[in-house]
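What follows is a structure written as structure tokens; I'll ask about it next.
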Amino acid sequence: MNSTDKKPSWKHRLHEIIYEADTKEGKLFDVILLVAIIASILLVMLESIESFDAKYHTYLNISEWIITILFSVEYILRVVAINKPFKYIFSFYGIIDFLSTIPKYLSLVIIGSHHFAALRALRLLRVFRILKLARYVGASNKLLLALKASKAKISVFLFFVVILCIILGTIMYMVEGAENGFTSIPRSVYWAIVTLTTVGFGDIAPQTPFGQLIASIIMILGYGIIAIPTGIVSSEMTKNNDNNLHTNTQACPNCGKENHKDGAEFCYNCGSKLN
Amino acid sequence: MNSTDKKPSWKHRLHEIIYEADTKEGKLFDVILLVAIIASILLVMLESIESFDAKYHTYLNISEWIITILFSVEYILRVVAINKPFKYIFSFYGIIDFLSTIPKYLSLVIIGSHHFAALRALRLLRVFRILKLARYVGASNKLLLALKASKAKISVFLFFVVILCIILGTIMYMVEGAENGFTSIPRSVYWAIVTLTTVGFGDIAPQTPFGQLIASIIMILGYGIIAIPTGIVSSEMTKNNDNNLHTNTQACPNCGKENHKDGAEFCYNCGSKLN
Amino acid sequence: MNSTDKKPSWKHRLHEIIYEADTKEGKLFDVILLVAIIASILLVMLESIESFDAKYHTYLNISEWIITILFSVEYILRVVAINKPFKYIFSFYGIIDFLSTIPKYLSLVIIGSHHFAALRALRLLRVFRILKLARYVGASNKLLLALKASKAKISVFLFFVVILCIILGTIMYMVEGAENGFTSIPRSVYWAIVTLTTVGFGDIAPQTPFGQLIASIIMILGYGIIAIPTGIVSSEMTKNNDNNLHTNTQACPNCGKENHKDGAEFCYNCGSKLN
Amino acid sequence: MNSTDKKPSWKHRLHEIIYEADTKEGKLFDVILLVAIIASILLVMLESIESFDAKYHTYLNISEWIITILFSVEYILRVVAINKPFKYIFSFYGIIDFLSTIPKYLSLVIIGSHHFAALRALRLLRVFRILKLARYVGASNKLLLALKASKAKISVFLFFVVILCIILGTIMYMVEGAENGFTSIPRSVYWAIVTLTTVGFGDIAPQTPFGQLIASIIMILGYGIIAIPTGIVSSEMTKNNDNNLHTNTQACPNCGKENHKDGAEFCYNCGSKLN
């Protein structure tokens, strides 16, 4: 990269280690970061278990500070290593890194603010970035391709589901009423979503026969329309099979035929050599 | 359109704005209507939350009247702008528009009737009509095509599910009986639907070992037969792929037939050479 | 049919009406039977609702007797109209018809036996037979074809699910124990089925952290492996598309090419006429 | 097999009976083993039902000892019949066989250890091995092939689901807090898994409006992303179809390559004419 030529060599090297993963040190940094993120999340989980926190509060607190300082150092290094620091600071990951590091410091000033350390879980998203380098990239790329292609259709579907739930929830509010747990329309819509998606918590359940009839219709509907997103993604992934996998994009130099099998060396139509 | 030529020009223009969306004003009208519908639904939702309604009753009431008058004006304009008013009045959307506007007026005479304002949620269905004009039309059209093609199969499936639930519910009523919550056959059928669709509220649950055995069979059945609607839609959507994939876009130079197989050299209809 | 020639003409005619549906009277009989079945099931449902039965017991009882006598007449006619009565009597539908008619008579002798009238719900299965004559036959035939083809695979899958549930249920019994509702292995297996199929009643739920961890694994497993039956049926139905729908079984008389498009009149390969 | 030639003939024969299934005796052994496994599991299930165990404790205990001795004999025979006993002892099935036999003996010394007899359920896994010999092998092989091919994609998906649940669970912990049942982050993550997989026990359910909003998003998400594993497996199984469908069974007369495209006239590998 020509634009990085102007950086001092130590800055260039730091950038390579932190932001890239082509060198040995870069890979090592990623692995250490991954371990640190998982450790920090386990820590915040253990802390949230009251009985555990009561017993080992001091140890947890010390570990918290070690992790926080490590992340602070990483944050500073990231800011220093990049040519345009604000690009990182206001990037998606930059904001997450900041938000997951600052609560511990704030807890010195504002009591209770360390609860926001749980935001650190968002750091797990970085895992996807780091794993981009790993062997799973092929598999997830094909997945993402199919998902991207079916984004519009799935949006329409989810939009339809939400509207359906608002209408059905409103009807249930009118049918069942507050005395059966459907205390407000938003709550009834929440119930409709719980039912249509076949989750079915059971904290709210229809009591009147007519309400149960409508609930039955919602459930059968939900059972049926789950076929739609499934059909969309299936068809998209099958299309990918047909297109990219079994045929290539070569055209025969002699007869112009396309759709040759992968690895074909001769045209299946005229027999002339493909190149 | 020739039939609208006889309308006075202001009526013609009104029709264009309200019923069509090709002009700038028509699009603006649709957007305002969309916003008004969403606002009116948020309003009716907020009203249904008792604690909120107690605090802001006056504000909510005033907003309600503003929305109601707006919708009344829209309704009158729609009746005026069309050549055959009864065609609109007794159309699906005409009835919804009427039912969602009238409750507020009735509430002046009959106490409690404003509860039916919740019917306004049905207005959300108009959203689909308005969005027909938007960029999502392609995506949803393909969806609708696949759904229409699989309508008969899905009807058979849903019909089968309902009959299965009636039979299974009746058996469970005989096995578990009223003392375990299966107080009547309709209630048992409701439970069977809750279970087969994998919703599982848990408000009714089998208590006897034999009842739990039958419940297990119902659940595994429900887990298995969800594959059927899914398979139907998937295959229908994949077929759509295939139509575009395995046939080419050539038209026969002689008879004009399209949809030739990939690699076809002669028209399958008239036998003349394709080029 | 030659074998029915020997029957007296009235018997022959009765057979046509009751067992077949090609004549006007045969179709009418089927429709009346369908209505009677649905009425009898509604009746038994209403009877099962205690409050309703208390009020209208006499009316329900009279209607019950009318339906029972009607079904008795139908049963006798079916036995009379067929050449080999025992073939009907011991057939699947013959047994159901008998079992759904007899309880009312038994209730005169044995108190409580009329509860078995609920078995009448099994009569609904006859609906499928009657509807075979209707326009849905095409749709359901294709469905049945795909299901039959995937029977072996789905059996293996369901067998695998049952074994998995036995193993997982046993493990949960050991982890959670009787004090958390997992009172016996069969009950734990029942819970595992409830969880794996994503029904989730919530009448039994793990309380220990380790139990919840295993439950999480079961749920994610259940969420994942639902893809298997779905994939099986999808692939089977897609195969049907490719095979039967778009191509026929003709071979070109000139070049022998197969897989012609439905409705093709000329070979796509050599252009000679197909016949 | 040459390597087994050195074994004495009785050992060779024993190996054939126990480890193989080509001979009549081998098949009989497998059937007996299958019956014994199922009987032993039914036994451990009945034992776990307290009321049943109280009544028939003596009979159950005797049956237990018979089964245990049978399995002990089988274990010893397996060790004796194989040339490299340690290969069996430390194999997957060897460890299961040992763990499911030893608890009964230990119960003589350590009270309560017979509870681990439930580990015997793991023996059911051997069923798959035995059935490999049966007619279902074709069906399950195709299934396994498709599952193996989609392993990487499904791993990525499940990994994504777990991370999503950790993030969503943490957010719910911060939103709902301990007073609404979300007492710790691990418990909240457990709830997120219960919800996303559409199981929905209902033992923990959001109470605040904001919590219910997030729950709604999780549920719709879960309802939508179930399409992903389904799409993966569907596409994989359809691909299998395609391999058989769109390619023919011709082998090139020159180079012997198979899997030619339908309609191919020349070998895609060596260019010689296909006939």
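Residue numbering begins at 1 within each chain, and the chains themselves are lettered A, B, C and D in the order written.
Everything below uses one rule, namely that a contact is a pair of C-beta atoms (placed from the backbone, for glycine too) under 8 Å apart; a residue touches a chain by one contact, two chains touch by 3 or more.
Predicted model only: the values in this text are computed from it and were never measured.
Novice: How big is the rotation relating chain B to chain C when the fit is done on Cα atoms? Please round to the nearest 5 degrees.
Specialist: Going from chain B to chain C via C-alpha fit gives 90 degrees.
Novice: I want to confirm something about chain A and chain B. Since they are copies of the same sequence, is their interface symmetric in residue numbering (over half shared, so same) or not (under half, so different)?
Specialist: Counting shared over all numbers used gives less than one half: different.
Novice: A-C versus C-D: which has more C-beta pairs touching?
Specialist: Counting C-beta pairs in contact, C-D comes out ahead.
Novice: Compute the centre of every chain as the mean of its C-alpha atoms, then state which one is farthest from the centre of chain D.
Specialist: That would be chain B.
Novice: In angstrom, rounded to a whole number, how far apart do the mean CA points of chain C and chain D lie?
Specialist: About 29 Å separates the centre of chain C from that of chain D.
Novice: As a quick test, compute the distance in whole Å between the mean CA positions of chain A and chain C.
Specialist: 41
Novice: Going by the contact rule already set, what residues in chain A reach two or more other chains?
Specialist: Where chain A meets two or more other chains at a single residue, that happens at 157, 186, 189, 198-202, 222, 226, 230, 232, 234, 238, 242, 259, 269.
Novice: Tell me, which parts of chain B touch chain D in their complex?
Specialist: Touch list, chain B to chain D: 198-202, 230, 234, 238, 263.
Novice: For the complex, give me every residue of chain B touching chain C.
Specialist: 152-153, 155-157, 160, 163, 166-167, 169-171, 173-174, 178, 183-186, 189, 195, 198-202, 205, 209, 212-213, 215-216, 219-220, 222-224, 226-228, 230-232, 234-235, 238-239, 242, 246, 259-261, 263-273
Novice: What residues of chain B sit close enough to touch chain A in their complex?
Specialist: Within the complex, chain B touches chain A at residues 41, 44-45, 48-50, 115-116, 118-119, 121-122, 124-125, 127-128, 136, 138-140, 142-143, 146-147, 154, 157-158, 161-162, 186-187, 189-190, 193-194, 196-203, 222, 226, 229-230, 232-234, 236-238, 240-241, 245, 262-263.
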